[in-house]
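Dropping the structures in below, format is structure tokens.
What follows is chain A paired twice: with chain B in the first complex and chain C in the second.
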Partner chain A sequence: MSSWLDYTINGLIVGNVYALVAVGLALIFGVSRLINFAQGSIYLVGAYIGWVAVVQLHTPLPLTIILVAVTSAIVGLVIERFGLRPLQNSVRIAPLLATIGISFVLDQLVMLTFSPNPRALPSQLPDVRFQIGGGTIGPLDLLIAGVGLTSALLLFVFLRYSKLGWAVRATAQDRDAAMQMGVDVNRVNQAVFGIAAALGGVSGLLVGMYYNQIDTAMSLQATLKGVVAEVVGGAGNVPGAVIGSLLLGLVESYGVAVFGTSYRNLFAFLLLVLVLVLRPNGLFASARQAPPEPLTGTFIAPSRPVRIPRWALLAAAAAFAILPLLPVSFYVLQTLINAWLLGMLALSLTLVAGTIGQVSLGHAALLAIGAYTSALLSLTFAVPVGLAVIGAGLMSAALGTLLISPSFRLRGHYVSIATLAIGEIVSLVILNWESVTRGPIGISGIPPLSLFGHELISPTSIYWFSFGVMVVLALLQGRLLGSHLGRSFRAIRDDDIAARAYGLSLNRYKALAFIFGGFAAGVSGGIAAHLYSYINHETFNTQQSILALTVVILGGLGNVVGAIVGSVALVGLPEVFRIAAEYRILIYGIVLLLLVRFRPQGLLGTM
Partner chain B sequence: MAEQRNTMLSLRGLTRRFGGLTAVNAIDLDLAKGELVSIIGPNGAGKTTLFNLVTGLDRPDAGEVRFEGEGITGLSPERLAAEGIARTFQLGRVFGNLSVMDNVLIGAHTRLRAVKPAVPLIGPLLELGLALLRPAGVRAEEERLREEVKVILARFGDRLLPRIDQPAYSLSYANRRRVEIARALALKPRLLLLDEPTAGMNPTETTEMQGLVAELKAEGLTILLIEHKLEMVMRLSDRVIVMDEGKKIAEGRGEVVRGDPKVIEAYLGHGLSGTAEQESAA
Partner chain C sequence: MSNIDRRTLVRGSLAAMMAGAAISRGAVADTSEPILLGVSGPLTGPNAQYGTQWKQGFDLALDEILAAGGINGRKLAYHFEDSQSDPRQSVAIAQKFVSDPRIVMELGDFSSPASMAASPIYQRAGLVQFGFTNSHPDFTKGGDFMWSTSVSQADEQPLLASYAVKRLGLKKLAVLHLNTDWGRTSRDYFINAAKEYGAEIAVTEGYIAEERDFRSTLVRVRDSNPDGLVLISYYSDGALIARQARQVGLKQVICAASSVYSPKFLELGGDAVEDVHVGTRYFPEDPRPEVQKFIAGFKKKYAGLEPDAFNAYAYDAMNMAAAVVKIGGTDRRAIRDAFAKVKDVSSVIFGTATFDVESRRVKGAMNAELVVRKGQFALWDGKPT
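Coming up: the complex of A and B.
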């Protein structure tokens, strides 16, 4: 029994930490209807500032907390002023993408400054445990609880009794009305981002002390946990976020108690998917309400695609096809092979995110499913590699669509959250389902690509194979877009309510888009598995999902040629300029930010 | 009873509450085949919510909707579209990135046969396959519908035909409304719900639209119309229903309803109704 009390205390303490992140997210969602994917990065920044303060400046604890809160708040203000305010009148997808880009940039800056190696963050508190009932509690637990309660109290007083707090609440209720009554919405946004960032930063500090370790992977995890807690409590609902956080902490803690540590995140994401499916407006949401009527579809930037003449496309394809016959180095071929593999993933994502408007942030999961399928089919069942790759495509199409189907009823930013969570679930299942996936060890010795019994080992043959597969997939997708089915997809993207009123079933067409897109991604993952010869649960990660999304936005949402051009550009240009690997992610983040700000329709325009 | 057989749409006690607000309060309504009934009332009277309830975009808390004698309460909008109910939206819901042609072709979605084989379970997969293969039957159907769309667009004179390949977001406000109506006509509806078709139109455009609606009525289409421009309502409607604060406060022929003191009060407010009555009496 005593251990149950310990797990409860642990759950509540961790929940308290999540609450600091989730409350910030809820405040921001309340005033700007935005899920801030950069919240976890601020948390990361907070942890590292805390490390500098404690380890290098030797500040006392109260000063450390104040320092972290103030610096984080400044980061939040900068994000609001330069990252988001310019996008105020932009399409709804723009701020979402901007926060993703900001999060990439911040994480990479921290990583480049402090190196990706974990660091110890000592807690500055005496290491004693007090007995209460059957469990124990330490001073750090009390500190976390104290900080949580104090912030909640301060926030309550601020929102309830200060003029700016009233303005925040008014803006959250009705932005336009608040503006008409003379509320300075920019100041409200500033206040909210400042507060959210201060809370997020302090939360990072406390978690670092709690586990006595900080590393750059904390960021995404924190965003995810905060988002889970916020959505569970109901987006934009501040008290709901607190309760959601405590609930999440308890669910995780009990889950760990029963199944073990590696299941912790699985429970968090399952809780999220469950809430999204059953109560998409959160546990404490008010009555169902019809969404407001837009003038036209405003989620995706309207634009006219750049029409590239057929002869130019043929000429480009021919040029790339004969490239291996020219005196080019293996290095060039290798780079382009990577571009073709990314191109297949981008084709898949541009259909799902661009054509039918489901902005997926977990697309790498489809690669993982494909890669594991092809690897296991060829290793365990001795299926010829060519067939195994096709099997990979079919498996990703079927399983991917099935896994993603709970999110079909969601709209806008919620789809992105759900796909992100489902992507994480896939990776966690791969990690934990050892009998099939060999768990954390991964799969090694995957046979090389082969076709009709001939092994494809030379870079030239691999180049032709991957280029050929990508071209076939692109042609098929082009044909799909030109059909009534493609038209139906685009109609659903532009306005799902009007589409339903004209007889288009959202489930049916979203499923078809994921089936087609899942196939392309699965094939890409399958081929990759045979090229890498070793894969594990981290081979295909969120970074790849975001890279694919950047490619898709660079090329133009839904644009088939754009997806390929974008892949070549994002894989090729860093090679051309010999940019060191650790700076690439930073550059991808900056590219994404610049695109969202200056050319949201991408290079070739939305199809 | 001959009369009942002719009833296209009938609402009984239809009610929808949002928190403390009853947006639609126990509405009864019968619409005969070929009839044009207008719903008028001040902003916030619940007219659009009523449309949403009839077209399945919102579900009533109480009451019943029958379409040609069949209960359709709470059915999904996609089912109701297939039954032949088409609507336009008050604030305009065209597909912004789709061309005028594509917008209207989506209107014909429920009438497609060749591309959507009615096979259970694998039907969707066949649809995907047919979209990629495009056999002759599918191409012929697409061609036929494209011709049909041009005929529909021709009803709007040269407003839409010259812009047939332009994306809808680039159109004027009035033209977007026209695209919505064209899209609704492409469904070959048995019941058409028009939500303020002339909002944002100038007098010339309004007259044009009024002419089109009159034509549709003359062709025998059953129409439920929400409209603020009373002159148009008076000219077109067989009957007028007045809503205020979710309730039906008057129903009847246009000129009768127009003189109803309750209607004047709803439009002009309680303080002014006395004067208005005196004026109308004088």
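Coming up: the complex of A and C.
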């Protein structure tokens, strides 16, 4: 039985660590209704500033903490002033994309300054261990718990009893009304970003010391776990974020206890989906609380799409179709093949995110389902590859819709978080379901693409095949958008209550959108599997989902041509910047930020 | 052909690239130009640290090769393309390399998904893909242009098992492994060998690469009552596990795979990695001349930095590439055939490396049994810890 005590203590200890990030995320979400994907990067910056202070300047711990807090707060203020404030009157989704771009830029800056090698960040506290249960805890555990709880408490008091705190809460409830009452909304936002960034930086420092290890890959993981903990506790609820983090730590620890280590994150994300389905406002939201997302669809603001004349589209399609006949290198063709495959994924996502308003952050899961289906059908059951790819589309449509259906009742950001979790769950199931997916070993020797017995091996034929499939899917989707069904989708996006009042069954239409979108994504995954000949659970990862969303927002939500233009741009840009070697992802992040800044409705506008 | 002037050469290579490498490759060779190898690997993204380590190993080897007169008088050089270990980018890089007539051979990629997704392209185009860190058992099955000096886990793991079971006398083992294709393959070979030597496997736990918290995993390990822990880990996660094992009060012997062999393991693990046993392919006091040359050269070039396992793999790979190009010249097919011909290439990892033509891998990795003593790797003296 004593083991259970140990599992409990370990769960609380790691929950403690998650809480530091979750509190900062909750604060920003509370005020700006924004999932700050850059929070993990500030955490990274804090850790490295801490390393400079501890290892090079030899500052004592209190001074280290102050230094890290102040520098991180300045980073936060800069992000708010130059990255987010210019976007406050644009589409609601633009700041989300901006935080993704900012996190690219910050992570790359840290990597370029400090090299990607992990570093030791020695703890400056005496190495005393206290025996608890079978294990021990040290002073750093207590400090982390102290910082987490104190900051949550201080924030609670600040929000409830100080004048600026009231302003923060008023802004959170209704920005326009707060402005009318004379609240300086910008100052409030600044205060919030400053505090959250200081917290984020200090948490990076403490967690780095805790593990005696910092590296540039720690940022995305911190954001992921922080978001889960925050939403479990109730988005925007600061004490809830602490309790949510502890609960997350416990669930993971008990998950390890019962099923083993490789199931750990599976439980974290299952907990998240469960909480979202049963209590979408989080476990600790009061019943009186206003709905966390606006009732009508201001999440995706309509804009006037750029009209592209039909002849121009035809000319572009023709130009791309005859491209392989011109003297272009296979490298260019291969890059465009990647763009067409991403384009199919983006078509799928722009339909569910743009047209019906379900912003999915787990879309790579549909690729993975398609890829594994097609690979296994052709390898195990010797199904011809052409049919297997269609099977991949059907399987992604069916399974994807089924998996995502619990999130149909959610709105706005919650859909994104639920789909993010579902995406992670799919990837972890692939990793653990060894009898079918061969686990981490992956599937090798997948046959190349073939049609009617002819193998498509040359880049030219693969190019034509993927381009053709994408064009057909795009034409179908264009037809769909112009039909009655397309109008119903947009009605649900723009005002779901009005749509319901007109007798539209929301769930049924959302399911239809995911069936169509799932098919396109599944076909893309299927083709990719045959192209690569080897896939495993890492082939289709979270970064793919984020990339797809970036493409869709960049091209213009719901915009079919935009999705394709965005794919070509985002596959092409990093390749164009190859000349810049290590700097290319940094440049890519900056270009992304500039695009969001000057074209927040996307290149071609929301359809 | 040495009288082709530079402008003609550039124009020729551009035209060849545009036409998709249809032009014969021999025509553009020029003895004043370096012989170029293509490297596809991570310089940004989550595995960026390994790409940087590769570069260190490559650069040292290239310095030595140049000092020794280059390849029949020509300089050897590499062109590094960042793939972020992403299969989407590694396939594009593969097309770029195969259609660039200057590239005579490719090295990398780092991860199996990225390497093996590019294999069909290299195989069909007839450019050698030399995956020197690709231990996936199916990597060299991609075709006769896939060669690897990655130590086969079928070779390495029995050595580690023998260290743990026969030499250290451990009878009941807990195995913690990275849940990747490498970790999983290694685990299976390790378990088979350990069982054969008479040990019992108490528990196996696979963890994902991003994992940092192992306390609950270690409670499971404790409850299974092992007398030793085996880590099939890289140095950063290996150090984390060792630290947390000591924190949760596990005092058992820890034995780790050679991939933790890095000064970073000592730096990140601190006191907790004291007395950790590591089976490696070489060690600093190794009297073998190739090892001494490598370590001394590395420290000199990188301001006293100790090389680690990934540096050594890259260093060996570049030396192997030089040996192959010496025999095969600059023709891509001749280079493929040269892999089967090179004999006894001096190697830090293998002593001397010769390819097994059947598996296209090298057998017979060296073995050194090390232990961490006073914060340094030292040859194990046979005394129990």
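By our rule, the second predicted complex is superposed on the first by the 496 of 607 C-alpha atoms of A that agree within 3 Å, B and C clash if a C-alpha of one lies under 4 Å from a C-alpha of the other, contacts with A are read in each partner's own complex, and residues count from 1 in each chain.
We take it that a contact is a pair of C-beta atoms (placed from the backbone, for glycine too) under 8 Å apart; a residue touches a chain by one contact, two chains touch by 3 or more.
Since we're looking at a predicted model, the values are computed, not measured.
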In the overlay, answer first, second, both or neither for which of chain B and chain C A:Gly146 touches. neither
Return first, second, both or neither, reflecting whether A:Ser505 touches chain B, chain C, both chains, or no partner chain. first
Considering only the touch criterion stated at the top, classify A:Asn338 as touching first (chain B), second (chain C), both, or neither. second
If we overlay the two complexes on their shared chain A, which of chain B and chain C does A:Thr606 touch? Say first, second, both or neither. first
In this superposed model, does chain C or chain B come into contact with more residues of chain A? C
After superposition on the shared chain, which partner residues are touched by A:Ala217: those of chain B (first), chain C (second), both, or neither? second
Look at A:Phe516 in the shared chain and tell me whether it touches chain B only, chain C only, both, or neither; answer first, second, both or neither. first
Just chain B (first), just chain C (second), both, or neither: which does A:Pro327 touch? second
Could you pull out which chain C residues touch chain A in their complex? 17-21, 43-46, 48-49, 51-53, 80-82, 84, 86-89, 91-92, 94-96, 98-99, 111-113, 116-117, 119-121, 124, 136, 138, 141-142, 176, 179-181, 183-185, 205-208, 210-217, 219-220, 222-223, 236, 239-240, 243, 247-249, 264, 267-270
What does chain B use to touch chain A in their complex? 18-19, 52, 55, 57-58, 76-78, 81-82, 86-87, 89-98, 102-103, 105-107, 109-110, 112, 115, 124-125, 127-128, 131-132, 134, 138, 142, 167-170, 176, 183, 187
Counting only contacts in the complex, chain A reaches chain C at residues 3, 6-7, 10-11, 13-14, 17, 108, 111, 115-120, 122, 129, 131, 134-136, 138, 211-213, 215-218, 221, 252-253, 256-257, 260-262, 264-265, 327-331, 333-335, 338, 341-342, 431, 439-442, 444-445, 448, 457, 459, 531-536, 538-539, 543, 571, 574-575, 578, 581-582, 584-585
Within their complex, state which residues of chain A touch chain B. 286-287, 289-290, 293-298, 300, 302-304, 476, 479-480, 483-488, 490-491, 493-495, 497-505, 508, 511-512, 515-516, 606-607
